[in-house]
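What follows is a pair of complexes built around chain A, which joins chain B in one and chain C in the other.
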Partner chain A sequence: MRLKDNDILHYALRNRKLRIGLAIIAFFMLVMLAGPLFARWEARERAGLYPSAPPNSTNWMGTTKMKEDIFSQFIFGTQSTFLIGFLAGCIGTTIGLSIGFFAGYVGGWFDELLMMLTNILLVIPSIALLIILAAYLPYRGVQIQSVIIGCTAWPWVARAVRSQTLSLKQRGFVSLARISGVSPLRIIFEDIAPNMLSYVVMVFILQFGGAILYAVALDFIGLGPTRGISLGLMMQEAFQNNALQVGYWWWFIPSGLSITLIVSGLFFLNTGLDEVFNPKLRDQ
Partner chain B sequence: MKKYISRKIFMYLLTFFVAISINWLIPRMMPGDPILNLISKLSRQATNNARLYAELNQKFGMDKPLFSQYLLYLKNLTQGDLGQSIIFYPKTVAAIVSKALPYSLTLTIPAILLSFLVGNYLGALAARKKMLDNTVLPFWYVLTATPYLWLSMLLAWLLGSKLNLFPISGAYSFSRLPSATLSFVLDYLHHWVLPFASIFFVQLGGWAIGMRNLIIYELDADYSKYLRALGAPDKLVRRYAYRNARLPQITGLAVQLGVVVVGAITTEVVFGYPGIGLILAQAILGQDYFVVQGAFLMVVLCVLGANFFIDIAYIFIDPRVRHSMIGD
Partner chain C sequence: MLQVEGLSKTYNKSSRARVRAVNNVSFSVEKGQIVSLIGESGSGKSTIGNMVLQLTKPSSGRILFGNQDITRQRSRSSLKEYYRKVQGVFQDPFSTFNPIFRVDRVFAILHREFFPNEAAEAWQQRVEAALLSVGLTPAAVCGAYCHQLSGGQLQRILIARALLLEAELLVADEIISMLDASTRIDVLNLLGEMRERGLSMMFVTHDLSLGYYISDRVIILYKGVMVESGNTQTVFSDPQHPYSRSLLEAVPRLDVRWDELPPRPASRHEAAMFNPDCDKGSPRMEQIGEDHWIAVRDCLPGTEL
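Moving on, here comes the complex of A and B:
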């Protein structure tokens, strides 16, 4: 057992949930990166001869009512959906981490103030905040959507990170660093952060998946990107054009299915990592 | 006890105050003149723009300093004046929102409670049972990852449009008027099943996963090991584990409420269900900002109320909270 030297890697490679999650995400990364080579039209270009055509040899996933090629829309939509998840995930994780770290580490009234703010924002449903923010933006791009999603998604991260920091703070090596006069910033980044790395990765993955779901919901109620395409927008357009009643399944099945798969993949990845880092949860 | 409750009430009031302030602030922070934005929509219908502009300007006190505008807004709010709808003219926002609210509540409350109960039960059942766990766990993960609106669309397309088993639009048939007759109730339930199912199933997966993980932790705890060492039957140990695992799940319920709102809104849109979510979506499309803001307030108020209710319920469920209070 050569792998035994590296316990984490050993369990990571053995963990089925982790492997499934990675496979799904890798597949969609491939779709996103290699897809444009096969996408023969722009997302909004008139591509097919017939409107609302079922999948055929020219338009592999059929066409929309506006004769757009659904396969091309699907490729570019997957790209922007990933972009939103990634950007919003980064923003949400960064804000939540910083607030949680500092609140937990500095403590005192600073902690109380930040936690009060966090608790207030935690109870106000973020979709409500998102709607009111997005509704007043005259122009919404993918980036703006990511920013507002990221800025409303951090409270639970802050709270969880704070309690983690509080428990780490009590450990011997942190006290030792403090007594030796190491600056708080250095302690946070050199002693506390590395111990939370696995946790941070998992938080990011959850934020990634959550952001995708929020973006889809926003797209669907008419607050999606004002230009461009996304998987959520595809479903909204399908719905608006009565695809359900008329049975244009090719218009809303691929987009919805891939969102479900991407987010499930992320959840699998998250649970897999949790089991790898957390021996108690492993299958016995 | 009093201290606990009054502290909670203070926090909720503060939160509500922050929410209504956000509701006031955001439109004013955004680029452009909010009143102009408002009537750019109206202008397609109304005849006298200048008069309308002056009227609205005065109503919101746009000519006054910001702080008095804020006070005016608060004053209107305390009188239940949420403004005037544009797309549903001449109805007031308060009237529209209060008419929609019962539909949303009768849809979401049963869905949340039932999925919580069933999900917890299933999760507890599957924990540490290899066969069951391996077969249902992936399914639950996929369920929680499903966008509510997509499940709604699938159900509407398959069961509604293809198999014609359920209606896919509205809360009752067009030909009917709400009444207390049996046939109306049946018709209402018939329309209720699919939107309910969409919210129920997506939620179900999350609760089951949460409970499964918690039970695994609890079965590993010292008290469980001790019980087993004493020779207690597996069923008894599990029952104790379940009682402990319930508490974090109830805390989770409070957190999840904000997420269920996403489901409720999008599901209502798919099924044309006349609740707050549908009103909100129509208002967004019609750029009817008063209605958007009114719906925002209603959603926040409901979630805050439910959170408060859970906080109070905690006193009765968690003996530790109860005992710490007797000490007060």
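Moving on, here comes the complex of A and C:
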């Protein structure tokens, strides 16, 4: 196993996609952690003297039409966008894993019931559900947005995990655990889940990236957080104020570029991990 | 000790396709006896083994262990009680061990589940003694991962595991069919030793010669149905059911060339087996000698033999 570990680490360090992905995500981590030291204003504070000022020595990324500092917005927006990805990713992954494990392991009518629920949620376009849910809540913070997204993003996870569980359940070590008197819960978490660890990591990354995109979509159609800031909100405000047409490039480029980079970084991370864990995909 | 009565299992592959994997099978295993279930692949042997191990629920029938119908008890404590006495070893040793853990985890689990009050050192000593008794060096296998050991070593570890529980009945499902020829005979002889110690065994195999070598009684299965059963010597020297005969004839013999095989005398039940009118209904076992039974189908009225 020691050997095998090193093997995986060896491929992980050599995999270019993984390295690109890690570099991008590490960069944004740095922005989130070190950025607040340099942000001199709150996201919604009147920061500059002039509205829609291009980048200058006071406002490093310029200001919005409302005289807010875009650099500060970028720092705090990145923070809350990552927070949404993380929270919603955790919620979606946890629900999806639990339902998938139990439906697959327990089987029978329990499985049928859970899968019915899952399939119903899967065919309802989740963006429609998000719109309805979001519209009913008078004011929404980043956390509420995360919960809404996480609670609607799990069905495909549940289905994929269920089918993996079904196939792992057939393996001899599950039978051996059963005739050793091990409880079903223990079998799921100690025998089945560890064998899916790489898969779980990838599911989480996909949920993370998916949640960020969903949040941007919600922000864009005006159902984002009613207070606070996020990269999606920055972009939405820029577009609403015709920044593109008027040529205020400093207003939409930081947020637009960041979103694109974060999502592609996660994508690289995911394909890279896939190649590392799955030797058949290695192209060397 | 173990009595299986009218056991059947039907798998619902989908809402329409159904597989009758096991059909009305009855037999018993006495203390210290090795009973072989012999049949080609897909004949339902593993399904029977799994039902005895309570890994699969029977569709109908009873499994009595010590006069208690175990298909009716559902509680976890009674299940655990049962697994103290009835244990299994499976076909593929490499899938029986979880690849991401060390092999001695199977002993740690037994300790936790069955002997939580035993001190760690005392338990470790018992584990080592059990490993020695199946011909393994404890230091060589403890701490290893399953891909670092041979199939024969892994199966021995599992037999040692059953010994630690002091199991009374072992369900051995094709446990040597995936081993190298050189280690097969060792594991087989180990099973013989276990019997000397009073362990009963359900020995599942598709290999007639293995069944002959080890067992006291044999049960020949065909598509989930018992076709012939009885004392090993009797069944192998005088098979009566056409299916058992064809199975035995399919075994190449070392002493006779195929063109020198004597023509075999017709079985008195052959006509009934191949008469299409007699092909309806479930077969029933008919006694044709002391501990020798074969399946016959009841013919429709008017087609009496």
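Criterion: the second predicted complex is superposed on the first by the 278 of 284 C-alpha atoms of A that agree within 3 Å, B and C clash if a C-alpha of one lies under 4 Å from a C-alpha of the other, contacts with A are read in each partner's own complex, and residues count from 1 in each chain.
Just so it is clear, a contact is a pair of C-beta atoms (placed from the backbone, for glycine too) under 8 Å apart; a residue touches a chain by one contact, two chains touch by 3 or more.
A quick note: this is a predicted structure, and the numbers were derived from the prediction, not measured.
Novice: Using the superposition on chain A, tell me whether chain B and chain C clash or fit.
Specialist: Aligned through their shared chain, the two binders fit side by side on chain A.
Novice: Contact-wise, after the overlay, does A:S183 reach chain B, chain C, both or neither (first, second, both, neither)?
Specialist: Once the two structures are laid over each other on A, A:S183 reaches chain C alone.
Novice: After superposition on the shared chain, which partner residues are touched by A:D191: those of chain B (first), chain C (second), both, or neither?
Specialist: Touch partner of A:D191: chain C, not chain B.
Novice: Which touches a greater number of chain A residues, chain B or chain C?
Specialist: B
Novice: Return first, second, both or neither, reflecting whether A:S175 touches chain B, chain C, both chains, or no partner chain.
Specialist: Once the two structures are laid over each other on A, A:S175 reaches chain C alone.
Novice: Does the superposition put A:M235 against chain B (first), chain C (second), both, or neither?
Specialist: First partner only.
Novice: Name the contact category of A:T260: first (chain B only), second (chain C only), both, or neither.
Specialist: In the superposed model, A:T260 contacts chain B only, not chain C.
Novice: Which partner does A:P36 reach: the first (chain B), the second (chain C), both, or neither?
Specialist: After superposition on chain A, A:P36 lies in contact with neither partner.
Novice: For the superposed arrangement, tell me the lowest C-alpha distance between chain B and chain C in Å.
Specialist: 8
Novice: Quick check on the output: what are the common chain A residues between the chain B footprint and the chain C footprint?
Specialist: none
Novice: Under the touch definition given earlier, write down the residues of chain A that touch chain C in their complex.
Specialist: 1, 171-173, 175-183, 191, 194-195
Novice: Under the definition above, what is the set of chain A residues touching chain B in their complex?
Specialist: Going by the criterion above, the answer is residues 20, 116, 119-120, 122-129, 131-133, 135-138, 156, 209, 213-214, 216-217, 220-223, 232, 235, 238-239, 243-245, 247, 249, 252, 256-257, 259-261, 263-264, 266-268, 271, 280-281, 283-284.
Novice: Taking the touch rule as given, give the residues of chain B at its contact with chain A in the complex, in rising order.
Specialist: The touching residues are 11-12, 14-15, 18-19, 22-23, 26-27, 30-32, 128, 130, 138, 141-142, 144-150, 153-154, 156-157, 160-162, 168, 213, 216-217, 220, 255, 257-259, 261-262, 265-266, 269-270, 277, 280-281, 284-285, 287, 289, 292-293, 296, 299-300, 303-304, 307.
Novice: Note which residues of chain C are touching chain A in the complex, please.
Specialist: 50, 53, 55, 76, 79-80, 83, 87-88, 90-93, 95-100, 102, 106, 109-110, 113-114, 145, 158
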